[in-house]
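Below, each structure is written out as structure tokens.
Next come two complexes, and both contain chain A; in the first it sits with chain B, in the second with chain C.
And now, the complex of A and B:
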């Protein structure tokens, strides 16, 4: 019960922080539209007008999810960096609260804000391409994303530990995001990639999340195809394990002062 | 020490700070070397998804390579805008300003890292494109390319300073910067204008960034949307205007800081 109260408390604080910076999130809303319209425009010009709106929606959904993944990764990395800089991390480690509770609360608030963004963007895209009858699928995708983004929290914990080791979040997130962006099929089918990169894309959870979300939105849900995705929760367990090892072998021994 | 000597000393101190920071965190270099090949692939395939056959067109591969080259340039400098809020959180900026420094001067330290990033990432991208995609890298107008790069670096230095002043009070400026690094180049001529629909092409000319980014790509392809004289002259005016905006914003920031006791424009 105490842990739940702690989780709710930190969650509330994080939500307040996000609300103070709502403008930044509104700005983020524009990004997938902007880039997908640009590439669609380029596609129209390159193919002599043969680019289909479904291809535009394909990229719109993918780029929206890419932004969600980037925001979650960066938010974790910067959470640790700020904690290092301000000394907050030392307080958290010394306080009678499990650091995982703090990170989980921060990630959950980030997931909620990102899903709100996603619903807005996906609804508009689905409305334009499939029509209003397909809109309920957007809300079905919320349920899917709420579960599917959990493995990503596990990977973000690994990014957090790497930020503590390397001290700077930008190089860590930049390298991580570039690999994830290239192999996960956010903006193009992974079949365009060399086979070994396709394999990396399949191992990571992101391509499964983006493909399944597209299927849900287009109405071609095949529940049987989703059951193997439960295995992706292994990333959450693995991330927690890496965090725990990092905390006991590195953080507790080396300290987290700047 | 004379005013000019003191200024030179401060500039050198900031440059030294940047170089030391880069040398201390070798992760920067490793990160660049890991990330550029993947970003290149992501960018190429995002556009060529519509027409994978163009992977065989040397003209388009060369144009897209330079297009992504300009993205690397913008991205490297955009992230420098993050440094000011970090300096405030660390309590560094107040000391810098009390000792007679300025915000724009302080950003110089981080700009050095951006320049190093670009100096490594840019040529590395050209290499990846040549080796990985078999692109025959060419520059149609090398003289204008040099001019375009100098103009772009001057602009992006000022842009980064202005952006850092505007985002100074944000707890998470990286949210905005993540978007800006894509939005600025790709809405301003980084995607070769000849592959865009005519209406979109015309609309891009209303962006001030167009006069900074398009000359880089156009110098490589030789395909200028406007006459080079017109492009570079407008670009020069844009750079001067941004410099004036930077001075004005810094003064406004300082006024507000003195009145309210905290750094924030909004």
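And now, the complex of A and C:
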């Protein structure tokens, strides 16, 4: 009960803060449309009007998920950076709370906002391309995403620890997101990549999330095929372990004052 | 540790840092932030840690509040070991590390306190009730629904103290709680600190304001180079360091004393006898008797008590 109070308390504070900084939310909403229309328009122009709306949806979903993934990574890194700058992190560390609860609450608030974003964009895309009969697939994809994003929280914890070490979130998140963007198939099939990049893409959870979400939205659901993705939860365990090691070897020894 | 709310024994903490501008030419150096510090703080006392910048005050507070793990030594807070039982220590302490930090700028003062209440495991209802109580206590009842980013520094400092009280702690660490505050806000904060001590809470305070330390503290520890060099009550310290009192006697009409005593012209134009002494009572009585015997008329008598600032200066420059 105590942990739940703590989780909900942090979640509420994060949500209120996010709602009062709504500009970022609007950008995240518009960005996938902007880029996917751009590439769709370019495709139409280059092919003499032969670009398929399904390719537009392919891009739209990929770019939406890319924004979600980037935002989650960035908000975790900035959670730590803001914590450093504002002194909030020190107060969290001096309170009788497991820091993971705070990070989990912050990540959940970020995931919920991103999923709301996703619902809007994906529903619109599916409606335009497949028609209203395919809309229930959007809600199925939300259920899938709620679980599939957990490994990403684990990886983001590693990004968070790196932010504490390097003190600046941008170099860490930019480097991390560059690799993720290249190998995860947000805008193109990973099969176009050199083999070693494909391998990296397969090891990381992102390409699985993108491909599976596209499949669910198109109606070709293969639940059995997604079950090996449970192994990706290992990233959550690994992220937690890295955070605990980082806390005891770095945070409590060096301090987190700015 | 009966009688002591805080007890630290031979605490040591070093930080590795580097000097040099070029990446490859950086030289690692080790800073002994806390170097064998031992400290005892009695229950219900206001105990101040005083020292120059970089003396180790904040590091000590961070060790005692479980934020930092010491390299060696042992510290008990409320009877709990800060390294072995950090969770228990965190339950009973309140902490202010900087009066204007630690809050969500886009939340109101009330929402920030509720947030901290929830961090300490309070239910939503309990946290809101407690937040209102504390806003009242620190004089922010009318400002609770304003965004934190709109608060003045004085209001932020009061909110910090309210935050430190959210879990009703028995031991409170205040690291320079009045830094940067205007005199009225600082006075209000000092009054809150006094009230907290009156309620039986133990307060470990750091400050560069010697007047504040002298007026608030039951006991003062002067810290230099990461260790405590002298400690005692403000009065004890002055006595132990044999700091002189200064006696001034203004003479309105002086037939002959100028030859016996050194005088200088005072602010009103009359001669003023100035005497430095470690025995002010005896010497003042003796001086006044002598002046009466000489038939002098006295304008005023002033006795300047040595300040803690002079104690600080003497210790730090010795």
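Heads up, the rule we're going with is that the second predicted complex is superposed on the first by the 257 of 258 C-alpha atoms of A that agree within 3 Å, B and C clash if a C-alpha of one lies under 4 Å from a C-alpha of the other, contacts with A are read in each partner's own complex, and residues count from 1 in each chain.
Assume a contact is a pair of C-beta atoms (placed from the backbone, for glycine too) under 8 Å apart; a residue touches a chain by one contact, two chains touch by 3 or more.
It should be emphasised that the depicted structure is a prediction, and the values quoted were computed from it without experimental measurement.
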Touched partner set for A:200, first chain B, second chain C, both or neither: neither
Contacts of A:95 with chain B and chain C, given as first, second, both or neither: second
First (chain B), second (chain C), both or neither touched by A:86: both
Contacts of A:119 with chain B and chain C, given as first, second, both or neither: neither
Greater residue coverage of chain A in the superposed arrangement, chain B or chain C: B
Which of chain B and chain C A:17 touches, first, second, both or neither: both
Contacts of A:233 with chain B and chain C, given as first, second, both or neither: neither
Touching partner for A:175 - first (chain B), second (chain C), both, neither: first
Touched partner set for A:135, first chain B, second chain C, both or neither: neither
Chain B and chain C contact sites that coincide on chain A, given as residue numbers: 17, 20-21, 86
Residues of chain C that touch chain A when the two form their complex: 15, 58, 62, 65-69, 87, 90-91, 93, 95, 97-98, 101-107, 111-112, 114-124, 127, 163
For the chain A and chain B complex, residues of the former touching the latter: 17, 20-21, 24-25, 27-28, 30-31, 34-35, 38-47, 51, 55, 59, 67, 70-71, 74-75, 78, 82, 85-86, 166-168, 170-172, 174-175, 177-179, 181-183, 187-189, 192-193, 197, 258
List of chain B residues in touch with chain A within their complex: 25, 27-28, 30-32, 34-36, 38-39, 41-42, 45-52, 54, 79, 82, 86, 89-90, 170-176, 178-179, 182-183, 186-187, 191, 195-197, 200
Sites on chain A touched by chain C in the complex: 2-3, 5-6, 8-10, 12-13, 16-17, 20-21, 86-88, 90-97, 102, 252-257
